[in-house]
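The chains carry the letters A, B, C and D, assigned in the order they are written, with residues numbered from 1 in each.
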């Protein structure tokens, strides 16, 4: 008996490129407005809750904020400041986040180190979607916040907030490692204020 | 047979590791200790001298991305425009220092602060009240050697590791 | 019985830890052997060449920092040299020497990252790069001292430098170049005869001399294949003709040779810096050029320098206005990828990562 | 020091070998006829004494009336260089012969020019968009492209 390969799931390169282009255009059309910051609750007064729930909240928040594992999402220049932060001089592992995960399933923090282009945007969105809840995003550097100097370019997404919701904005181009660490500590503060059990 | 080489590579590697055990640590315990930054640091803020500024907008023209927005009122007599609004969006600013370099009246300086992270995008815009120059403000010596001379020397990894704040 | 297999298409990247940024390879595998590979770029295409047309000549300097962000000083220098050639701006002697010192320091920093991440790809996960980044921090400290930023320096201007180096710079630099050869020796001791490294890199990814020249490879890639072509010697720019240094060359053109060339180049850079410090004259560091706007005469110019990755060229067309009419950047990392297929085809996936690491690309320059 | 061969000097010799190939010359460059680009480039590559074995860069410039493609050639052997220029007047469907057969280094650069400037290189093995995605409207390096 001859086995004839059906080639049902084998696509030509042209098909793949075509599909990629369609995905990019669709995402571009969808994300013309930035996603609003989801932190109105930060300024709100804490709702009343029982002692039990409050202490459980505290424990969970403590655990979450002290083991932030970052996912690999380093498109451009800021990656080198991130490497400096992770290396021995500024040593990110003092904050319980020395593990930089290549797999988004094992990570809960995305540090967006670098310019995002429309071609890369679907991949970043997919990485974000694959991350396990609860997940956080730090927009690092001017390109991550608003597109920076490249915001007028034809290929650049003006800020990660078009694609993913951002928790903390760290300005700088690139931010110093201390500035990034400060941003990470701000995120930890934010997490420790969060109410896990909300009405 | 390469018996005489057996394990020599590992021993060599471990020797290097062993040497490092006796070296000084390089880590900065950041929130408790801070490094002295460069005297010319370009931090994430600008410092604006209201007395010297004439509202000529040279800084806004030099900016690539229009991060500086400036609104002045007309002033028929005198050679200064009163500045009504002076804002910088640090979300756009790349700290290239061009605005400081071109200011003809020496009214704009780089700031030295870098801990400027925010929860909200809108908070990144610095108004003129925040940027106003006072003599207590820690101003960087970028293009201003007279400021640089007053600042502490930069901590180098080459020399000493960290300095207590 | 003859087993027949269908080729499998494996997509590597763009978000993959060993692709050094957002590079993507579409590899076709036969079993575990790569039979075809197609590089796909553009995940960091920011349109820098187009942005140059919307900016004045001065305002483009910060953008060059973000091209090859591991060697920002070298890019600054290349662009400033191109504009100086176009507009015939003189550069004071002291500025030239400081430029050379900065470019060579940057070469060391860039090669440290290249070697560190190459070893990372070879399987020594994180350990070598931690050492290399620590040495790089010392250079970054020096750059911060002169320019105020850690990664994007924006230090050079047309007709010299933005500011003279501070007084404390030269003693610190002397201390650094006294230390650096010791550290290089230490890494050599650790890695030069390391059996695992030799097994993974010797004879892997051979690029012959003829292919290297035909594929327009430059920098350590070309020299690793045994062609002693270095623009600092072949077409001396700035004040490089006044220094003595050697061009390290490989013999076989494999990944190990390219790694060795980079390590040897770091030693030569230390040698150049030492000579430049001895000869450093006093004087102004910036000739009389306008701070804001220059209007070069209409014309075109191609100027190239030897960046850590290879020949970095700027092709500028001026129409006499304040902004370039056209700015083309010959990015060495981009063109060095031409020979990727030659080198990778026939090797296994694990070797492909090593070979790819030995090319040393920076995506900011590949896509621009 | 790399010696930049004067365009006039070189063109005189070339005109005898391949008649009608040179349209114009300047101090640094020679402007080549579209049709004879391939034969002239092959001649430059192989002729003893010239041997331009290294193609360092290819650029295209949009001058509204025509596109100009610029080849920077270097000889590693003799350490001299020359600039070749080719013009292409058709704005709707510009095409130029590809030099990939002679210098493999042209492959990615020609592809990039096709993507960003819209000039088709005939004979190129893989003429498709390289840095932008399929379906992108326009060619951004052209002067009349507006990004917003």
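Here, a residue touches a chain if its C-beta (ideal position, glycine included) is under 8 Å from a C-beta of that chain, and two chains touch if they have at least 3 such contacts.
Computed from a predicted model, the values in this text were never measured in an experiment.
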Comparison of C-D and A-D by number of C-beta pairs in contact, larger one: C-D
Distance from chain D to chain C - Cα centre to Cα centre, in angstrom: 25
Whole-Å gap separating chain A and chain D, where each centre is the average of the chain's CA atoms: 43
Whole-Å gap between the CA centroids of chain A and chain C: 29
Residues of chain A engaged with two or more neighbouring chains: 88-89, 119, 149, 152-155, 173, 176-177
Touching two or more other chains - residue numbers and ranges from chain C: 42, 45, 47, 50, 62, 134, 137, 152
Multi-partner residues of chain B (at least 2 other chains): 26, 37, 64, 94-96, 157
Set of all touching chain pairs, with the criterion as stated earlier: A-B, A-C, A-D, B-C, C-D
Chain B contact footprint on chain C (complex, rising order): 55, 58-59, 61-62, 134, 137-138, 141-142, 144-149, 152, 154, 162-163, 166, 168, 172, 175-176, 179, 186, 189-190, 193-196, 291-292
Chain D-facing residues of chain A, complex: 14, 17-18, 20-22, 24-25, 118-119, 152-155
Of all residues in chain B, those that touch chain C in their complex: 9, 12-13, 15-16, 19, 26, 37-42, 58, 61-62, 64, 94-98, 101-102, 110, 140, 142-143, 148, 153-154, 156-159
Chain D - residues contacting chain A, complex: 128-129, 132-136, 140, 145, 147-148
Contact set on chain A toward chain C in their complex: 5, 10, 13, 16, 72-77, 79-81, 83-84, 87-89, 102, 114-115, 117, 119-120, 123-124, 127, 149-150, 152-156, 173-174, 176-177
